[in-house]
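Each of the next two complexes has subunit A plus one other chain: subunit B in the first, subunit C in the second.
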Partner chain A sequence: MATPDSSIGAKLQSLPRTLLYLILLLATSLPLIYGELAGGVSVPNQPLGAAVDFYAALMKIPPGKTVLLETDWTNSTRGENGGEFDAILRILMARGIKFAVFSTADPQAPQVAMDDIATINALRVQKGQKAYVRWTDWVNLGYFPNSEGTLNALAGNLATAFNGKKDVKPGGGLVDVFESPVLKGYTKLTDIPAVILVTASATSTVMIERLSGKVPLDFMVTGVMGPETQVYYSSKQLEGLVIGLKGVYDLETLMKQGLNGQGPDAVPSQKYAGLDVPPVNDNLGTGKGSAYYPTLHFALALLILAVIVGNVGMLLTRKRTAQ
Partner chain B sequence: MDLLAQAGAGLNFWNAPSGSAELIIKIVLALVLSGAFFFGLIAAPANLRRPIVGVFTFLAGLFYVTYWLWPSAIARDPGQAPLNPVEGVAFWLEDALPQVANFSNILTAFLLGLGVYSVARIHVGKLVKRQRDWEFSLVLIASMLLMILFGYWNWFNRHSPTGGLLEDPANWHFQQFASDMLFDGLLQQMDAAMFSMIAFYILSAAYRAFRIRSVEATILLAAALIVMLSLMGAVAYKWGNNSFIQTHPNLSLEAIAGWLSDNVQTPSIRGIDFGVGIGSLAMGLRIWLNLERQEAS
Partner chain C sequence: MSVETYRFIKLTVGVLATLGLYSALYRENKFYRFFEHVFLGLAVGYAVVALWTETLYDLWWTKMMGSTAAVGQVATPGYWGWIVLLPIGLLGYFVFSSKNNWVSRIPIGIILGLWSGQQLQVWFTRYGPQMVKQMVPLLPTTSELFHPVTTGMTPAQVATVDSTVYVSQAITNIIVTVTFISVLSYFLFSFDLKNRFLKNATTLGRWLLMIGFGAIFGSTVMMRFTLLIDRMYFVWIEWLMKAILHK
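Moving on, here comes the complex of A and B:
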């Protein structure tokens, strides 16, 4: 009967799963708790070019215009998409840009988006700012089960694609969305300055297939979707791209510091040299990107450490076997 | 055919004022006709059923294929008449597109309904027959009924003339609190909790399986390490905050990760995308032209 290998190499390769899980639990929750107690942790950061382009594109949209905001995420990816959606809402609300929300991926998505809008609105009211009013400042177009068909129709004609859609007018019940200040006068897709997609699903590919080249597109995707979406950013089919939690933190850094500004913390950008893109000072406090970013550090560090430990164990075992 | 191209915003043959008797009659008629067609298809002989499905599949696909390939009208003015038959077809396709998109949305919504019917049929059967683990079926059916009840109750309230008041939680009633508790308090939190478990599996799998046993595995590990380190802002900042990296910016973590992304990852994914695209086209053609079925038979 073979005796179990009790060498260091074997031990390093067979750490109990429970121990790994416990370390992960601590590594992810302690930074969150510390950050909450300390009122946020500032991590040095150099925003990536894709996020800089996203921010610059958003900041050039004139206040009062309406953007289409496709929201295709639920709370399963709130760690990334939740932060992205918060950031985009804060920028749009701070700049007075109206938006029409719709989803083509998940029936739960419009409700999740509305809850998020309510949360940001509550925060704005708490800080003495004007609430973004449904119907006047934003509308909910609802859920469209067929992404290809809907986006194809949208590419053809904005007014007919959303023909018959109604939203709640305060004190007026259900009224056609094209009578709201948000979409009144908008008929063609080219009237819209940008379509923004926050997604955790393949609707990004469908949007590229149907709308690319017809309207400026800006995407916010999960880290897992980053590589496949990067392809469209590299080929200039996207104006800007925010990927995962790092992208959210990049955006929040830019919201706080601006681009090519005068302050010591302003983010420099050669691409936008001579163009001062100001920060968005909405005074709503720390965003989800800033709150979760330290946790990402610890989780990634733990992942790297676990791989190193496993490989060191393997090398030690090989060496011992060879001897 | 003109009926399909009534694309003007507002009321047309395919819709009616919200809550009107006309709308209800149209919905009932559509359901009766669809039901008659569906059951007629089931009752039809098998050798007749296949060509019927084939014809409908072909017609459904033909619209989008024609829309894609036909020269589209440029800078069309509202009310403008077509200059020639080619432009006439282009106008018709453009006008009919939103109606066809509505059809596809309604058909896809029926698929959701089919899913609900399927889940209910299996679990109610299990419950009635008291099969193994029927308790889980009971929880599922009860959860579904509660969500439907409070979801629709809340929905009707919110879409009433005074629905706007419900934007403020101070005006909520029992049904709003119940709906909020079921959707946000339970479903969404369980959704997030279930997804977060992936982190544990990723860590465990990386620890046990990510071994540098070959040159390829070593290259993969090195690339993964660089990309992961570049995502850690504090590490990337520390790495780049010295005179050597500042005079050689191409050696910063962001630059190396960016090079990997632009020159290794993106071209590879493009290659895969081309392959997938060609495969999808071939599969789409087989389905559209009903070739798949003939071969299978």
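Moving on, here comes the complex of A and C:
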């Protein structure tokens, strides 16, 4: 019977799985707790061009206009999409831009979005700011079961695509959404200054196929979708793009600093030199990006360490076998 | 029940569900199974209700039935033509009939026909701009290495600078073009090649694809970590520190 290999190389390659999970748990918990107790930890950051374009595009939308906000994510991707959605809500609310929320990916998505809107609204009220009122400032168009059909209809006629959809009017029950101040007077897709998509699914591709070139598109996607979505930004099919946690942190940095501002943390941008792209001072505190991004570095450091340990173990084992 | 109590119960159930699902990392257990089934049941139950409230009622029933006038609302006429969709949709359930399951192909055929009809336009909308952007100049039009800073320049000067191909841009364009051609050749020439140039091009294409897959994998790992961090934030910060310790 063969005796088990008890060399250091073999041990390094077969660390107990439970131990690795425990270390990962600590690496992802302790920095979070420390960050919360310390009131936030900042990591030096240079926002990517795609996120800068996204922010600049939002900042040029006139207050009072309405954007379409397609929300195709649920709590399963809250880590990335939640931070993205929080950031977009904070920007829209701070700038007084109205929005109409809808989903073509998941029936749960509109409810998740409404929960998030309620959270941000509560924070605004807590900080003495005006609450964003449903019906007056935003409407929920709900879930549409077929992304291709819905977005195709939207490309053809905005009024037809959302025909029959009702939302809650304070004191008035369910009323046609086109009666609301949010969508009143909007009939064509070209009336809308931008369509923003927060997604964890392939609806990004469907939107490109159906709406690209007809209206400015701005996407917020998960890290997994980043490389495949980047091509649409590179070919100018997207106005701006926010990818995963790094994108959220970029956006939160821009919300804090604006573009071409003053100070050591200023974000310079040659592309927007001379244009006014100010910060969003909503005083709502740090977002999820700022809370999670430093912790991600610890998790990645652990991953790199594990790869090194595994490879050192493999080399030691090979050397021992050769001897 | 106060809002605070309800919120605390909701968060606590969320924490239990999180722990239950992560307990599978230790080993398969009943705690994990229970929450897995709760999760599936909730998702299916929610989808069934949403099917009526968000889809059939709004997009089909009210359009077919119309509405009567109410306070602050005008009456809308009903269009009975929408009823045609019901028997067509119900044909789909013939898939469960061993004798007449061919009938289910009728609604599937209609959907496929609608989908196929859109594909020509859809394909070009998706790939057309990418093909156009692929046509990039490979030779620099100046000996200067980098795109200069345009701050303080007049619009005409900025336009001139933007239309100039600097050496660094030309190098980038060459990398893009070589990647495009070699990856394309990898898929086109997937048979045994005798020509050495084509063979090297396909090998380069395979390597570049691997780099691309590596970038995707790296992004995937980062995303999975972020999802874990979010769960830890939920457990430690939202539940423990804010809901229990009121920090």
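In the analysis below, the second predicted complex is superposed on the first by the 320 of 323 C-alpha atoms of A that agree within 3 Å, B and C clash if a C-alpha of one lies under 4 Å from a C-alpha of the other, contacts with A are read in each partner's own complex, and residues count from 1 in each chain.
Just so it is clear, a residue touches a chain if its C-beta (ideal position, glycine included) is under 8 Å from a C-beta of that chain, and two chains touch if they have at least 3 such contacts.
Note that the coordinates shown come from a computational prediction; the quantities given were computed from them, not determined experimentally.
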Problem - Clash-or-fit label for the pair subunit B, subunit C on subunit A - result: clash
Practice task
Go through the superposed model and pick first if A:181 touches only subunit B, second if only subunit C, both, or neither.
Solution key: neither
Practice task
Check whether A:80 is in contact with subunit B, with subunit C, with both or with neither, and answer first, second, both or neither.
Solution key: second
Exercise for the section: Would you check which partner chain A:237 touches, where first means subunit B only, second means subunit C only, and both and neither mean what they say? Expected result: second
Exercise for the section: Mind working out whether A:261 is in touch with subunit B, subunit C, both or neither, as first, second, both or neither? Expected result: neither
Exercise for the section: Mind working out whether A:307 is in touch with subunit B, subunit C, both or neither, as first, second, both or neither? Expected result: first
Practice task
May I ask you to decide whether A:208 touches subunit B, subunit C, both, or neither, giving the answer as first, second, both or neither?
Solution key: second
Practice task
With the two complexes superposed on chain A, say which partner A:157 touches: subunit B (first), subunit C (second), both, or neither.
Solution key: first
Exercise for the section: Check whether A:249 is in contact with subunit B, with subunit C, with both or with neither, and answer first, second, both or neither. Expected result: first
Practice task
Look at A:193 in the shared chain and tell me whether it touches subunit B only, subunit C only, both, or neither; answer first, second, both or neither.
Solution key: neither
Completion exercise
subunit B and subunit C footprints on subunit A meet at residues 17, 21, 24, 28, 76-79, 107-108, 144-145, 148-149, 152, 163-164, 166, 169, 172-173, 227-228, 231, 234, 244, 246, 296, 299-300, 303
Practice task
Would you tell me which residues of subunit C are touching subunit A in their complex?
Solution key: 25-26, 43, 46-47, 50-51, 54-55, 58-59, 62-63, 70-73, 114-115, 118, 122-123, 125-126, 129-130, 132-133, 149-151, 212, 215-216, 219-223, 225-233, 236-237, 241, 247
Exercise for the section: Would you tell me which residues of subunit B are touching subunit A in their complex? Expected result: 7-10, 15, 18, 64, 67, 94, 97-98, 100-105, 107-109, 111-112, 158-165, 167, 183-184, 187-189, 191-192, 194-196, 199-200, 202-204, 206-208, 210-213, 221, 225, 228-229, 231-237, 240, 254, 258, 261-262, 265-266, 269-270, 273
Completion exercise
Residue set of subunit A touching subunit C in the complex reads 17-18, 21, 24-25, 28-29, 32-33, 36-37, 76-80, 82, 107-108, 110, 142-145, 148-149, 152, 163-166, 169, 172-173, 175-176, 205, 208-210, 212-213, 222-224, 226-228, 231-232, 234-237, 243-246, 270, 273-274, 288, 291-292, 295-296, 299-300, 303
Exercise for the section: Using the touch rule from the top, collect the residues of subunit A that touch subunit B in their complex. Expected result: 15, 17, 20-21, 24, 28, 43-46, 48-49, 74-79, 107-108, 111-112, 115, 118, 134-135, 144-146, 148-150, 152-153, 156-157, 159-161, 163-164, 166, 168-174, 178, 187, 227-228, 230-231, 234, 244, 246, 249, 293, 296-297, 299-304, 306-307, 309-311, 314
